[in-house]
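In what follows, a single structure is set out as C-alpha cells and then discussed.
Read from first to last, the chains carry the letters A, B and C; within each, the first residue is number 1.
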Amino acid sequence: MEFSLQEIAEALGGEFRGEAGLKLKGISSLEEAQEGDISLITRRSNLPQAEKSRASAFIVAEDIEIKKPIIRVKDIRLAMIRAINLFNPPSRSVLGIHPTCNIGQRVKIGREVTLGAHTVVGDEVEIGDNVFIYPQVHLGDGAKIGSGTIIYPQVTIYERVTIGEEVIIHSGTVIGSDGFGFVSVEGEHRKIPQVGKVAIEDKVEIGSNVSIDRATLGTTRIGSGTKIDNLVQIGHNVTIGKNVIIVAQVGISGSVTIGDNTIIAGQVGFADHLTIGANSIIGAKSGVLSNLPPGSSVVGIPARPHMEQMRIYASLGRLPEIVKDMKDLKKRVRKLEGEK
Amino acid sequence: MEFSLQEIAEALGGEFRGEAGLKLKGISSLEEAQEGDISLITRRSNLPQAEKSRASAFIVAEDIEIKKPIIRVKDIRLAMIRAINLFNPPSRSVLGIHPTCNIGQRVKIGREVTLGAHTVVGDEVEIGDNVFIYPQVHLGDGAKIGSGTIIYPQVTIYERVTIGEEVIIHSGTVIGSDGFGFVSVEGEHRKIPQVGKVAIEDKVEIGSNVSIDRATLGTTRIGSGTKIDNLVQIGHNVTIGKNVIIVAQVGISGSVTIGDNTIIAGQVGFADHLTIGANSIIGAKSGVLSNLPPGSSVVGIPARPHMEQMRIYASLGRLPEIVKDMKDLKKRVRKLEGEK
Amino acid sequence: MEFSLQEIAEALGGEFRGEAGLKLKGISSLEEAQEGDISLITRRSNLPQAEKSRASAFIVAEDIEIKKPIIRVKDIRLAMIRAINLFNPPSRSVLGIHPTCNIGQRVKIGREVTLGAHTVVGDEVEIGDNVFIYPQVHLGDGAKIGSGTIIYPQVTIYERVTIGEEVIIHSGTVIGSDGFGFVSVEGEHRKIPQVGKVAIEDKVEIGSNVSIDRATLGTTRIGSGTKIDNLVQIGHNVTIGKNVIIVAQVGISGSVTIGDNTIIAGQVGFADHLTIGANSIIGAKSGVLSNLPPGSSVVGIPARPHMEQMRIYASLGRLPEIVKDMKDLKKRVRKLEGEK
C-alpha cells in the first residue's frame, strides 16, 4: 500500500507542503521510521527526535515547523487515527468455527462469526453477527455477545453476562465473577450468594486482566462508550455511566455509581456505595471517600478539590521547618509575655 | 419455584406483616424487581428506591418501615443469604470428565468430579470428591485439590500447590508462580530458584486475577476461612492467618505474616518481612511499613493509628494557611522583640 | 540426592564446622526442615526460629553463630542460589509438540522445543531452540520467541510481539494488548488504532497477571535483564532500560522512559511521558509526576527526594497540635501588640 503526499493530505483534510507526488509507503514512529515512511510530530517536545528521524514526511500540528515535506492538520490526534487507518486498514477475516471449539446446547450464532481454537461456549449462549472470538475464550451458560464485538484470547465471561455491540475485550479479563460479599457470623465469613448479572453496553472497550464482578442481586453495569484500561477492579453492583474513562489499576468498590463522561486517572480507589457526579475528574492515586457532585475535580488521599490539594502539596515541604519555627516562636512569645 | 410470604418468613426466622398466602416467585434488587418478586431494604438510604420499586414484598431490618407486605428480620444480611439461597438453591450437576481434558500419569480422581473441556491435569495430581473444575483450567504436576472445591475457568495452579476443601477460586487467578527473588551480582539480577510450595487451607475464597507466589523454600500459606478479593498480590513465603479479609488490589510483600481475623481494605501495601497482629484493621490505600501489635487499627501512608491519621487528614487543609500565618507571625514577633 | 557437609561447603565456597562426612539430603526452610536437611539463616532475626529448627546443619552469614554444624559463607544470598540448585538441579524434559496444540501456517520451530496441550500458535510464528511453552498458551500471528525462553500456562502473546532469549513469563500475563489511546470527539471516545509492537529483550523475567500494551506506533520495549513482578501495568510506548527491578502492582503510563538499573518498589505509579534517569530508586506507593535525573531516590505522593519526604512524614504527626498552637499564638501575639 502506497499513497502520495497529496493523497494523504486529502485523506486527513490537511494542507501539504512539498512534492505532491512524493510516494509514502508506511506510517511509523519518529524513532523507527525508514526512508519512505511518514511520521507524526504530536508535540513540540518531539522536535529534536523529528530532526533525527529518517521519515520522508511528517504530519504536524498547526504550530509546528520542520524542514521536510509536511502535512499540516488542525487536530493532530484525529489525523493520527485517519493516517494509521489509511496504512493499516482494519481487517480481520472471518474464520468460522474452529473444530476444537466446544459449543453447548441451544446456542444461537449469528452470521460471519469467528470462534477460535479451544474456545468454550456454554449452553444457551447467544452470539450476534460479525463477532470475532479468539481462541481459548470462555463464554459461560446464557452469556449474550452483541454484533461486531471482538473478544481476545483467554477472556472469561461467566454465565448470564450480557455484552453489547462493538465491544472490545482484551486478554485475561474476567467478567461476572462473584462479588465480594460475606456476613461475619461468630468470626466465620459466610458467603452471600452472588446471583445477579453484568451488563456491558455498546462500544465499551476493556483492557487486559480487568476484573468485573457480577451483582449480588440486580446488575453490575458499564455504560456505552466507556473505556477501561488494564488491571481495573469493578466490584459488585457498580454502575458506570456512558463515555467514562477509567485508567489502569483503578479500584471501584461495591455499589458505587459513576456519572457519565467522568475521567478516573490511574490507581484511584473508591469507598463503597459512593455516587460520583457526571463530568468529574479524579486525579491519579486518589482515595475517594465521599460522594461528589457533578463536575467535581478532586485528587489526593482523601480526595479534595484539585486546587486545594495542590496548595497542600506545595505547603507540605515547609512542614518540617514549621515544626521548628513553632517551637522557637512559642519560646519567644513566652519570653515577651514574661517581660511585660 | 414459588413461596408464600409466610413460608419465606419462616425460612428467615422473621415476622411478616401482610397476607400470609401472598405468592412470591423470585428475589430481586429494588431496581429490577417485578410484580411478584420480593426484595431487600438493607439500609434506610434505600427507602426512596424501595418506594419506587415494583417488588410485591420486602425483607427489612428491624428499624425500617414501608407500606407494603414485609418480613422483619433481626439480621438483614443473614436473611439475605437465606432468601437468595431459597430462590436460587445452589446446584451444579456433576458433568464428569470432558473428553478434551488432558490428564497426566498417576492421577487420583475422587467421586462425583467434574473436569471441564480443555482442562489440563498434570502428572500425580490428586483431586478429592465432589470437586468441580471448569473448562480451561491448568493443574500442574503434583497439585492436590481437596473435596468440594470449585475452580472457575482459566485458573492456573502450578506444580505441587495444595488446595484445601470447599475452596472457591475465580478465573484468571494464578497460584504458585515463582516468588520475586533475585541477587544482584555486578549489576545483573540472578534468579533465586523458587522451589517451595503454596498451601491454600479449607474454605478459602479467592477472587479473579489474583497472584499468589510459591515460597523460595518452605510454604506460602493462606489460612482457612480467609477471603481474598480480585487482583490481590501475595508474595513468596507470606503467611495469612484464618478468617482474614483481603479486599481488592492489596499487595502483600514477601515473608509478611498476617494474624487471624485481620481485615485489609482495598489497595493496601505491606513492606516485606512484617508481622501484623491478629484482629487488626488496615484502612484502604495504607502503606504499612512496620510490625503491628494485635488489634491494631491503622490507616495512611505511612500507616498510623486510625484516630491519629484522621486528625492529620483534618488538619492538612489548614496547612497552606499555617505557612502564611507563620511567616506573618515571625515578622510580628521580631517587631515586638525589637520594640522592647 | 545426598551431599556431605564438606561437599556442600565446597560447592558454596564456604567453610564448614562440624563432621565433614555428615550426610544431608535436602534443603528446606527453618520451619519445615526435617532431620537430615540443611537450612539457611539469612538474618540475625531468624536465630530464634533456627534454634527451634530440626535442620541438621545451617548455611550462615559471617556474623551468625549457632551450636550446630554450619557452613559459613561470605554472600548468604549467592550461597542460597547455589545450595538450592545443588539439591534441586533445574530440569525440564523436552516434551515435544502435544497433539492438541494448534499450529498455524508458515511457523518455524527450533530444536528441543516443547509446546503444551491446547496451546495455540498463530501463523508465521518463530520459536527458537530449547523453548518450553506450557499448555494453554496463546502466541499470536508473527510472534517471535527466542531460544531458551519459558512461557507458563495461560500466557497470551499478541501478534507481532518479540520475546528475546532466556526470558521467563508467568501465567496470566498478557503482552501486546492495545494501548489505551482515544481521542474525544464531541464527548465520544474514538479509538486510536494501536499498530505498534512490543519487544521483550533477553533474560527478562515477567511475573503473573502482568499487562504490557503494544505501542501505538513504534515499540514498547523492556530492556534485557529487567525483572517484573506480578500485576504490573506497562502502557503503550513505554521504554524500560536494562536490569530494572519493578515490584508488584506498579503502573507505568504511556510513553514513560525508565533508565537502566532503576528500582521501582511496589504500587508506584508514573504520570505519562516522564523520563526517569538511570540508577534511580522509587519508594513504594509513590506517585511520580515529573522527570527525574539519574541516581534519584524519591518517595511519596507526589514523589519527593527520600530524605525530604522522611522529614515530612515525621512532622505530619505534629500537624494537629500545630493547628492549635497557631491559633493560640496568634491570639497571644495580638494581645502583646495591643499592650504596647
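Following the convention adopted for this analysis, contacts are C-beta pairs under 8 Å (C-beta built on N, C-alpha and C of every residue); 3 or more make two chains touch, one makes a residue touch a chain.
Keep in mind that what you see is a predicted model, and the values were worked out from it rather than measured.
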{"item": "Number of hops, chain A to chain C, where each hop joins two touching chains", "value": "1"}
{"item": "Chain A on chain B, rotation in degrees - Cα superposition, rounded to nearest 5", "value": "120"}
{"item": "Rounded Å distance between chain B and chain C, as computed from the means of their C-alpha atoms", "value": "24"}
{"item": "Overlap residues in chain B, where contacts from two or more other chains coincide", "value": "100, 118, 136, 154, 172, 209, 231, 249, 267, 301, 316, 319, 322, 326, 329, 333, 336"}
{"item": "Residue ranges of chain B touching chain A (in the complex, touch as defined)", "value": "27-32, 39-40, 75, 77-78, 80-81, 84-85, 88, 90, 98, 100, 116-118, 134-136, 152-154, 168, 170-172, 205, 207-209, 225, 227, 229-231, 243, 245, 247-249, 261, 266-267, 284-285, 300-301, 313, 316-317, 319-320, 322-323, 326, 329-330, 333, 336-337, 340"}
{"item": "Residues of chain C defined as touching chain A within the complex", "value": "100, 102, 118, 120, 136, 138, 140, 154, 156, 158, 172-174, 177-178, 180, 182-183, 185, 187-193, 195-196, 209-211, 213, 215-219, 231, 233, 235, 237, 249, 251, 253, 267, 269, 271, 287, 301-302, 304, 308, 311-312, 314-316, 318-319, 322, 325-326, 329, 332-333, 336, 339"}
